[in-house]
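Shared chain: chain A. Partners: chain B in the first complex, chain C in the second.
What follows is the complex of A and B.
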């Protein structure tokens, strides 16, 4: 299955892009997709417990299963004011 | 309700005429604004534009919590303050500006750091809380205090070219903890001072926060509840995520475990970590001051200096002879350095370089010193001819 990934704030700087597509196996979850990305970009790993995620613009937890064509967003918290 | 609302004077009717002729606001809506109150946490990037529009719109009572002084580096975005205000208290400067904009309102200022001790007292008299702070402990504190008091929190937050906004703390909607249950470890997310921010960005987000506050006070429209708004200035694009209330949320869920305000510095890991690192650094001689570094250079025994800032910061000011290896590149570039050679690591203020020093020690470097206070201290004490940022 192919999914689109949207990264925000510091995550997009680490990955060098705000949007990418990935092929994932059946049974993949938001969390397994994140782990894939963190393997590609090691600096992402430290954000794992701090990010929130969404699938197709709905807030989603890491155990949420993915479907073909899903758009997955990963958002780190930001605190600037 | 309407009978207890304050009346509008003829002067106010003239001033608010563009509101009054819209049926959605009208005289009653304007009276609700006049009878309403908003507490702005911070008179910085977000608080500046928010407070100005709230004042202009006729919100009857505006409170501001801040304890900072206006600095030149604020003026690029904190438009409530002007150049002649540099060095003045932000509260005094903001109050002057708001009352000049609208003398019909009341502005109350609180020169204190928001804390678990004073939050309930400060929030209690206000209808809406506007979160424009710049750090995680205060954001969690504002969130929890709003949930516990049942007050709406018009939330906004910014990072470089991106912003977020939402309304938290409403009975039916989520809170900040529903979205981010766990704070990031200290130092993981750069502040505006470390990461920079496009000056106009807090204008956009702060005005969205003010819009939501005005909608809540007047009861007009659909509040930004259960929706997390994301703004990207570079792409000029708004996105929205739907965020439900989390039944397991520790503060607004069905079985809350946080029922009173806690120690937010500890919750965010700020205090113990910070104190521990300061103590160990000071007692173990892991630091060097800019004056000591200058003496070493003058004596002809300069240590190797590694600047871990970003290239654009390096362009602004630098210590002569320093080599640039940005913190993010250090894990793959530390082999360029000699693990037995004496190294001084430095950044803007000493925070990132402390992380660099920790990292280098973890991979076997034995003689790493962190430049205390960073290049800013160097400019202050050694080379005032260089600019600061």
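What follows is the complex of A and C.
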């Protein structure tokens, strides 16, 4: 399955890109995708406990299973207003 | 006679009058790149509220401005970034929460992104209701919830460096956070 990953703010800077695509195995979840990314970019690991995630522009939990074509967003702690 | 000529010529030179673009109606909830216009948002709220026909006695507005200092640093400017579709959905969620808690309130909320200079407004919130207590409470609730759950980030550029400001881990289902916002609103 292919999924699109969107990264924002500091996460975007760490990864050096705002958007990337990844091929994941059946049974992959938001959380397993995050772990893949954190292996590629060690500096992401510090966000393990503070990120939020979204699938197709709706907030989603880390155990959410992925489907082909999903857009998965990882969001560092927010600071709007 | 002279007066009418003068006023005719002024009108001709006003770019707002002669434009090819049809201005779409201002939405109640939006992410904007251009400077925020309080009058436009007030207009959108009163439009949305027009069915009530004069029932409102209170309008509360909140503007969040870019401050020239933060945590002991001299701030030069801010850059805001958003996950736009989810940000607008989070505004809709906050509007629903307000409708549930303060049914008489109508809210408009626009957040700006991109580069903002000192003194510019990053957010405008407008609430209306028949009585002031609900309008004040809902307006305060809205800004507290924005800081909790809107996927928006500020990148602070200060004298000597820059830093991403990181506040709350966004979780719209976190009941404790929502209750904290409600307590702040009703204090």
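As a working rule, the second predicted complex is superposed on the first by the 77 of 81 C-alpha atoms of A that agree within 3 Å, B and C clash if a C-alpha of one lies under 4 Å from a C-alpha of the other, contacts with A are read in each partner's own complex, and residues count from 1 in each chain.
Note that in this section contacts are C-beta pairs under 8 Å (C-beta built on N, C-alpha and C of every residue); 3 or more make two chains touch, one makes a residue touch a chain.
Here the structure is a predicted model, which is why all the values come from computation and not from measurement.
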Give one word, clash or fit, describing how chain B and chain C relate on chain A after superposing.
clash
Using the superposition on chain A described above, determine whether A:76 touches chain B (first), chain C (second), both, or neither.
both
Would you sort A:34 into first (chain B), second (chain C), both or neither based on which partner it touches?
neither
Is A:59 touching the first partner chain B, the second partner chain C, both, or neither of them?
both
Would you check which partner chain A:46 touches, where first means chain B only, second means chain C only, and both and neither mean what they say?
first
When the two complexes are fitted on chain A, the stretch of chain B hitting chain C, from 39-47, 93-101, 111-119 or 363-371:
39-47
Overlap of the chain B and chain C footprints on chain A, residue-wise?
8-10, 50, 52, 54, 57-59, 73, 75-81
Touching chain A in the complex, chain B uses residues 42, 44-47, 131-136, 139, 156-160, 162, 164, 179-180, 182-185, 188-192, 195, 197, 202, 228, 230, 232, 235, 239-244, 328, 331
Of chain A, residues touching chain C in the complex:
6, 8-10, 13, 50-52, 54, 57-59, 73, 75-81
Interface with chain B, chain A side, in the complex: residues 8-10, 14, 18, 42-43, 46-47, 49-50, 52, 54, 57-59, 73, 75-81
Show which residues of chain C lie in contact with chain A when the two form their complex.
64, 80-83, 85-87, 89, 111, 122-123, 143, 146-155, 164-173
